[in-house]
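Each in structure tokens, the structures are laid out below.
Consider the two complexes below, in which chain A is the common component and chain B and chain C are the respective partners.
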Partner chain A sequence: MSDETLLRVREVTTAFDTPQGRLTAVDGVSFDLAAHESLGVVGESGSGKTVLSRTIMGLQPRRGVAVTGSVRLNGAEVVGASEGAKRELWGRQVAMVFQDPMTSLNPVVKVGKQIDEVLRVRLGMNRAAARARAIELLEMVGIPAADSRYGAYPHSLSGGMRQRVVIAIALAGSPQLLLADEPTTGLDVTIQAQILNLLDEVQGRLGMSMILVTHDLGVVATRTSRLVVMYAGRVVETGTTRDVFARHRMPYTRALLESSPKVSNPSHTRLAAIPGRPPNLLDLPTGCAFAPRCAYATDRCRTERPVLEPADEPGHLFACFNPLPVRVGSPS
Partner chain B sequence: MNESLLSVRDLSVTFGPRGRRVSAVDGVSFDVGAGETLGLVGESGCGKTTTGRALMRIVEPTAGTVTLEGVDLTAASGRALREQRTAMQMIFQDPISSLNPRRRARDIVAEPLDCWKRATGEERRRIVEELLAQVGIDPVAYGDRYARQFSGGQCQRISIARALAMRPKLLICDEVVSALDVSVQAQILNLLEDLKAEYGLTLLFIAHDLAVVKNISDRVAVMYLGRLCEIGPADTLYDAPAHPYTKFLLGAALEADPEAPRRSEVLEGEPPSPLNPPSGCRFRTRCPFATERCATETPELREVAPGHQVACHFPLTLARPEGAPA
Partner chain C sequence: MARYLARRLITLVGIVIIISIGAFYLIHLLPGDPATVILGTGDSPQNRARLYAQLGLNRPVIEQYFVWMKNILHGNLGTSFISQVPVWTTIRAALPIDLEMIVLSQILSFAVAVPLAMSSAKRPDSWLDRFLGAFSFTMLSIPAFILVVVLVLVVAIKWAVPHTGVSSYVPLSQDWVTNLESMALPSIVLAIGSVTVYYRVLRSDLIATLQQEYITLARSKGISQRRILWRHALRPSSVALLGTAGVNIGGLLAGGFIVQYLLDIPGLGYTLVNSIGLSDYLVVQGIVLVVSIGVIVINFVFDFLITLVDPRIARE
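Take a look at the complex of A and B:
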């Protein structure tokens, strides 16, 4: 991990009031992110990864949600900040790329204008300067004929091109932190590779930090230096990407890795499926949330909730009473 | 390959009025042997779903023949077609919207039996309970629940039970796991493998996920812009792709392994519009090896190794002819 901490997340809990009761989507999550670092947040649906990224961004509905804990971005507290204070952060300090490029763009505004808006409102550029910069940004994200695409409407662009526009908007304010929430889900594999390479490249070039939120272990394997694995709103394991892949201790991490099919497997490889399904957040088990699906669960796991404990490697933590032994000499 | 159960010859499907005609599937031919799983991969818009639907005649093929156990489905109509069609069943991508939310699990599974009056009373109940149990839904505890009360993975299990009710020979699976979480996806893939063995099923497995397709298939067919690029045994095709498109597609697949080498060669651009597909080889506009010949002459599928066919003038596995680009 490098010198300065850009983002400090401490004991963040986000709970929603629903007609069925209180739903804790994110439960006591803590981590640090250094400048220039890229962190992957991995989990299945309902693990709280998207709510976590929105909480970091300070994007919550006004009512029916309770956020506790602290999110400090460059020392500025996001939790409980006023709309005005958050607006100061958005764009220039932190920006977000959402999953669905179809719905994150305004369908009736030309794409160039949507980039302009950030430049003019956030950076106070005049019309001509904003236009020139918007075209530059479109070029930077690899849109061919950026000059003429400036006036294009989102519907005339493909999914991959639209996601490039969304990235251009996110980059317009030169943020220090880019939050990418499932940025390639729904895109074809070849386009996915293009978009991930683009994110990699701009992150390096602009010296940003990045949080890549995804359900796909393939997306984070070679593109992040550290990982946070989430299950039912809690962090169950964290460490360097290599440690999490090769020396994971939490049975859920292994189950997740082994249940994903791999291109390198011979055909008809039996997958190690996890029995059952992710828990209902309104009705969580008392102990470890993974216990009902875990092959190693004991009575203690069902009554007491494990907290994150350090593993052998620096920065590697896991929450499990019956951790897996470290496999000797096995890379994955 | 065993004796072929399904034989597809020169299948074409076009949509739209004259002048704005989209050729979604263009001259696709392949066979599926009894008891085998053929994987059909490609990116969105390549025509893989349309191919699956045309086999069932959910969309009408514009040309070509589809033969199931020696019977030409494209020539059949009315009751004869419907009867033939019971031998092939389809499972769809979105498990939740493919079930009626207001019907009970047991009635959903019984529907095909009722339509064809295959079983009534006690026998009907027994068959339905057996099917539900087989796909991992407890018929006593969950049989009376409504479809809306099940999760995505459970709905997909019910869809599979419904498809099996007619004891089909061929199961067409169209992106059946792409809407599911990884842990649930593995359950469904394993279930399909088990049921295939138990019922002696033949599978046409349509998906965009290369890892999923390799895991389940004996042979794999790759489509690009409505045409078949390559078809061959799964392991051979993935280890030594012969079509440049297959190579790029595999190169773009992400492996969940931090030590995996980062492949640098990324396919540039996006597929051209099927409204106005390129002449000759449809991949030539993005192919780094394309020559004059690729623009003028459409490459036909030809064998490069036993059972491994490729539609390319310059397949990667063969020595390149004099003067061809490297």
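Take a look at the complex of A and C:
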């Protein structure tokens, strides 16, 4: 792993103006990402992870959104940058793999054309070169008969194939950073692993950095070196993937771990669900946002908000007044 | 695709037959009598009977219909009772005027409506969007015949642009400058109605399309907003627009009649109105038939265009 920092995220806050008031989806998030590194961002739906990935890219809607803090990609500030400046970054330096391949491809444009648009418009390739390269990319993402699929419309491809096309589009401009936002939610379980392995493989092969956003800790366990656990728009625990799995301190992280199904469990084991519901971002509790659902919560948790503090291991931070004891030799 | 086209073609033939029956009976229901027009009111009953027999009007109505249809299938629309000119000759002279009017008005409409809808959809609720919304609503509620009068007053009389206004029609092949001068006014009147409809339909579809995830993906490629609008948003947003255009153009044939009549442009509408007044049955029937076939063919063409624009539709 290189020490060179590719992405520096500092105190990023993203708020939306809604008819019900201001909704803070991401609240004071900071982390660094080195070149070639892969980072997992995990949390329940509504924890702000998708908004965070869009904010990192600067891809939020043009109006009704307020972003503060700093996101530096290769030294270039994304927050507050003009659309034109961000356009220079998009596709070439940072690209995104979207959540649902059923909706993220243009239904009336041939898939080959959607790939070679990046090549022609952004890289200035001519028609023939772009076509050849697009077919190469289709082959690289594992689409059989790539030559004939070039002219196919999205509706004639399966979900897994479509997501491979979305990945090919993201790879077309050889970005240094790939943001994968829940890249397998819309897919069959059998296809999910294939897509994740593909992402893993191209990340390594092309030497990109990757941020993998997911609600499923099982997905990030073997594919990322570091994790950021989010709850109600804030980072509640972060560290190396190994530390977060084996030596997590935040009760929410444990709850998340326990709620993901494991193959080693006997069949028909009841899944541990996290009690309660994710908080309403328009009406957050004063103290720790997780306190209402937490078995360890005290009065202090309900009145005062914990900040990230270091654990024993370097780079491992957690935000909790009543951290869990480290379970020695706990299975991950 | 071939099956889809074949199915549509069968429907088309059925509709044309129904319309031919309708057109035939309607004109016979109207008051008026060609014999009176030709002979005047004072002629003897014997002469009228002779004329009736000569025109074939003494036979049962159903038989008259079948004679008419038989002739049509042989490519013969008949000859005018009044002017003795073959009906097809009359139609062939008038039809290009209607076509020119429609083509000009549609080119104008799309050229104006598409960019306007885009600038509105880019920023819904902006001052421009609000203004266009209010303006289009106003225009939508003004009937064509009032617009014609206002435009004649302003363009032809106040600004004194030559060859606009009444009775200056010259065929396109003869003198295209004069032709365009005289066709500009009716085309603009028809275009104003179309622009407002197209603008409204396309605007709302574009706004919906621009919310789609594939637009965000297109944006994430780092391509310009202009390219996103034209290459990614317009096509998936134009299904309803094309459907509306197909129906609207059919309506323009009828709307064009009023404009033609007011401006003395000798198109099909003008001829039709005159022929009804003269009880010139075969001319009226011929024009109604040709216009209905035209409307059906236009709808057919636009339905086909829709399948080209959205490849998902042809499958269903």
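By definition in this document, the second predicted complex is superposed on the first by the 325 of 332 C-alpha atoms of A that agree within 3 Å, B and C clash if a C-alpha of one lies under 4 Å from a C-alpha of the other, contacts with A are read in each partner's own complex, and residues count from 1 in each chain.
The criterion applied here is as follows: a contact is a pair of C-beta atoms (placed from the backbone, for glycine too) under 8 Å apart; a residue touches a chain by one contact, two chains touch by 3 or more.
This is a predicted model, so every value here is computed, not measured.
Aligning the two structures on chain A places chain B and chain C side by side, free of any clash. Applying the stated contact rule after C-alpha superposition, one finds that A:L217 touches chain B and leaves chain C untouched. In the superposition on chain A, contact is made by A:N106 with chain C only, not with chain B. In the superposition on chain A, no contact is made by A:S148 with either chain B or chain C.
After overlaying the two complexes on the shared chain, residue contacts for A:T185 are found with neither chain B nor chain C. Partner contacting the larger number of chain A residues, of chain B and chain C: B. Within the superposed three-chain model, A:R87 lies in touch with chain C and out of touch with chain B [touch as defined at top]. Seen from the CA centre of chain A, the centres of chain B and chain C span an angle of about 80°, rounded to a multiple of 10. When the shared chain is aligned, chain B comes close enough to touch A:T269, but chain C does not.
When the shared chain is aligned, chain B comes close enough to touch A:P278, but chain C does not. After superposing the two complexes on chain A, the closest approach between C-alpha atoms of chain B and chain C comes to 14 Å. Of all residues in chain A, those touching chain B in their complex are 44-45, 158, 160-161, 188-194, 196-197, 215-219, 221-222, 241-242, 245-246, 255-257, 259-275, 277-278, 331-332.
Of all residues in chain B, only 43-44, 151, 153, 181-187, 189-190, 193, 208-212, 214-218, 234-235, 238, 248-260, 262, 266-268, 270 touch chain A in the complex they form.
Only residues 212-214, 216-225, 227, 231-232, 235-236, 309-312, 315 of chain C touch chain A when the two sit together in their complex.
Contacts from chain A toward chain C in the complex involve residues 57, 59, 83, 86-92, 95-96, 98-100, 103-109, 117-118, 121-122, 153, 155, 166, 169, 173.
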